[in-house]
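Common to both upcoming complexes is chain A, partnered first by chain B, then by chain C.
Let's turn to the complex of A and B:
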């Protein structure tokens, strides 16, 4: 039977505790959520992502007040009203644009940290999969947002990306027309992508972030040596006052203070970009209003989609689409394609070490090539790196299966 | 007792499932193109004043339509896939009076960019992924998998009505040449 003390002062600690179990909540979610000591600043990237998402939400709310989702007015509502008339409208727009770009940089760092340390194995598979769901939803969120200013790049990126859904030779034009609500991107298209961008996808993202955190709670985060820590035993040491000996620290307040420090450094970089270097996040071609009768001379997506776009480009239509689809989903399968039981930094896992660095270099190379026009030597290089990407993933189960056991420390 | 619960549970599930299906169908229909969009009209173009080897672009159902009076010598300067025949002899061209015209939807069959016509080279080049077409819309360089699409048309004198299937269009379609 629940017990409610009739004399407890309303909203006092005791009163709240009887009704919401705030002490238990705080213990389970923060003061006794244990984090290994043996980690570095890369483990703060998750928090950096959460906070950057917060910035996107906040700046988005202010943009939403003057943005008009109408093909005739959208361009001016952004480029004139918000940028020139609304007090500090430019600030929200710059924050929103810079955060949308930087969030992908941090996501890639966060992903490659996970790959490097093997943080997708031994109970952490769902962390990885929920992370990939976040990646895909974030991509959709970025793409839908890119449509909203209804500039030349919005229009033509919308045209090219929705055409992917004709599935090559299957010629599913009905699907493309259904997604657009028209034969070409128009009002119906802008309206639905506006809805997706400001409501449905952010809701999904919030749900997925909660799920991502949930998947972390039981396996806990990995550490620099892939060591399997007995969290209960180590936590007892900490609670018994043997803080030097314990291999773990509580999330709150000890680890959180480190997160906040990294966040502080990140914000310096972030607001430097917002105030002094925001141009990189806004494509000059998108400062021309959408024109259905004129394709810009060179269409490319934002930098964070370039690597997968480059995998599409060098092949004929159908194989290109298959390669592109492969690139979009293959990361989901990482926990099952890596057949080695080792959870250790890539540098201690022999053939995997090469695999990791080759994949990283390959994706950087594809990103650079994606920005260059598809001519001559660039086409050749693009083809080579696209094949390398595919081969690396096919080879992964074979090279990890042979891998020798490496103990993490102890 | 438990039988009754099972039955109630199944019945509830079935009703909820039906409701969900209905809602899904409504959601699907909400995303369909509006009737006004589908009923988009016809576009009439007079080609009597067209100049040779100059590309005209008309708008039809929100899409650009290329109209090009093809010159007698329409051999492309170079064809990366080796098919550098004179495009003037191509069966996809449409005869209006004594002239031959290319009439095609001006969207690259790869992913829908608008290719640009280079009159001196007698070919279209798509800037997006480097696809090329000759003056009859045939592919000279991948990734586009197929020629530029010919929209439904009807010829009335020197006028071209886009959106209506005339005998010339039906004939091309029967020969499998429109897409």
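Let's turn to the complex of A and C:
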């Protein structure tokens, strides 16, 4: 039975507590949200991602005040109004563009951290799957955002990517036209991608972030040794004042203080990019207005899509599309393709250890090759690395099935 | 021990990040764009010009003013810009600033053999002077009447403005868009419409002459690297073989002015960026130091 003290001063601690249970909330969400002690700065990447998303949201809101989703005005609304007329508009745009690119760097680090430490197994399958949903939605968010300035790369990347939906020899041109709302990218196309970018996809992302956090709550985060921790027992130790013996720490303030420190280092790096080194995130070609009559000599997606683009490119049309589709979805299945019960750092799990480093090197190589023109040796290398990617994933269940038990601890 | 481990992890992350960066940025761009060496606007392929006499040049200038105006000397153009574009495809530029913009060797070559100097097949100005000496005299005259200082804006408008519009500076090939007011009752602005109609007609003539409309240069400073712009303007054929844009023949000083103008119009927030950058980064350095202290105080007695 709820009890409300009639004498409690409005908005006093007691008054709020009776109505919102703020003490319980604080305990559950922060001071008694337990984190293993044995983790490194890579576990701060999730926080870095959340904050970067916050930056995207904030800067995006400022951009939205002046952006005009009209094919005739979009380019100038960004490059003139926002970049030159509105006070600090350039700062918001640089933050937005750099954050949109860096967020993927952090996502990839976050993902490979998860793969390395086996954080997608033993109760953590849904964390991985919700993370992959975030990755896919973020990809759609970035792609739709890239259309908005209506520059040369917006237009031509939009053309090339939507063309993929003709499904090769199936020639589903109706589907391409349905997505574009026209035969070629035009006003209908810009309008719908604008809607997706500023409303629907951000909503989905926010929902997914909450879901992602929710999936973390019961299994807790993993740790550097993949050790299975009895969180209740360890928490008791901490609460009893045995700060050294306990294997866990409370999120607030202990882990948070480390998160904030990592965030500080990240911000120095981030703002260095914003002010001095932004070309990688704001492609010069996109400062040429869209021109349907002039195909740019090199059309390439943003760097974070290059690896999957390169899995598409070296093959003939239909097998290329199949390989591309494979690359898009295969990461979702990681928790089920890894058949080993071991939750341990990759370096202690051979031959998985080779698999991990090969995958990382392969994706870096594909990313680089994806930007290079498809000629001569680059095509050959592209084909090899694309096959390697496919083979690695096919081999994964067999490799992991035969893996010896290593046990959680060293 | 622990610290070392985190630094090792960091080193691995940084290593793979830098390799990827190197591959998709510097390396990929070096493969995609051929590297063109500039010659610092010295035009080594052109013959040195004989020494010119400005007095003699003044006598000969009528050869040029049949088509060109020299407003600073009170010499008007024989036709207005639109009519000239009908006749030639493009408006012959006013020569008041020519002495301050163009390389001397280039001018001398241009007067004798425009296609050679500009490296394009189609250049509407005919060979106008018979001897290198006469040409040098005219060049010397143009130099003598050129203003000592021209602004960045004037440099752009005189050297590029007959072909390139620049909407962020309200510049059209026919000059700046006039400041007009719409009629209060009709909300229409016939004055402006007339001007726009003329620009449209001029652009049509220009596009027919050049094969395409030269692009508006408002954002070009961010769309191309400085190295590209410099070598392209010095000799367009090196970067876009077969292009209709002529070699313009500007001097290094004139080019620097033009580049500064392109930057002032296309990237006007650059000074702000450079001013604010250190403050923001300094702020986060302090933030990080304080965060480090907080982190240490929390972790002091637990590991």
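FYI, the second predicted complex is superposed on the first by the 409 of 410 C-alpha atoms of A that agree within 3 Å, B and C clash if a C-alpha of one lies under 4 Å from a C-alpha of the other, contacts with A are read in each partner's own complex, and residues count from 1 in each chain.
Just so we're on the same page, a contact is a pair of C-beta atoms (placed from the backbone, for glycine too) under 8 Å apart; a residue touches a chain by one contact, two chains touch by 3 or more.
Please read these numbers as outputs of a predicted model, since none were measured by experiment.
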- Following the overlay on chain A, give me a clash-or-fit verdict for chain B and chain C. fit
- Is A:298 contacted by the first partner chain B, the second partner chain C, both or neither? both
- Item | Which of chain B and chain C A:178 touches, first, second, both or neither | first
- Item | Touching partner for A:364 - first (chain B), second (chain C), both, neither | second
- Would you sort A:80 into first (chain B), second (chain C), both or neither based on which partner it touches? second
- Query: When the two structures are overlaid on chain A, which partner does A:91 contact: first (chain B), second (chain C), both, or neither?
  - Reply: second
- Message: Looking at A:105, would you say it contacts chain B, chain C, both, or neither? Reply first, second, both or neither.
- Response: second
- Scan A:253 for contacts with chain B and chain C and give back first, second, both or neither. second
- Please work out whether A:40 is in contact with chain B alone, chain C alone, both, or neither, and reply first, second, both or neither. second
- Item | Per-residue touch tally on chain A - higher for chain B or for chain C | C
- Query: With chain A's C-alpha centre as vertex, what's the angle to chain B and chain C, nearest 10 degrees?
  - Reply: 60
- Is A:267 contacted by the first partner chain B, the second partner chain C, both or neither? second
- Note on the structure: Min C-alpha distance, chain B to chain C, superposed, in Å, is 11
- Is there a shared patch on chain A that both chain B and chain C touch, and which residues make it up? 297-298, 373
- Message: If we count contacts the way the header does, which residues on chain A are in touch with chain B in the complex?
- Response: 156, 159-160, 163-164, 168-169, 177-184, 186, 188, 192, 292-299, 313, 315-318, 320, 373-375, 379
- What residues on chain B touch chain A, complex-wise? 28, 31-34, 37, 40, 57, 59, 61-64, 109-116, 127-130, 142-145
- Message: Quick check: in the complex, which residue numbers of chain C touch chain A?
- Response: 5-6, 9-10, 13, 16-17, 19-21, 23-25, 27-28, 31-32, 167-168, 215, 218-220, 222-225, 267-269, 272-274, 276-277, 280-281, 284-285, 287-289, 291-292, 294-295, 297-299, 301-303
- Task: Mind listing the chain A positions that touch chain C in their complex?
- Result: 37, 40-42, 76, 79-80, 83-84, 89-91, 94, 105, 109, 243-244, 246, 249, 253-254, 257-258, 260-261, 263-265, 267-268, 271-272, 274-276, 279-280, 282, 284-285, 287-289, 297-298, 303, 306, 360, 364, 367-368, 371-373
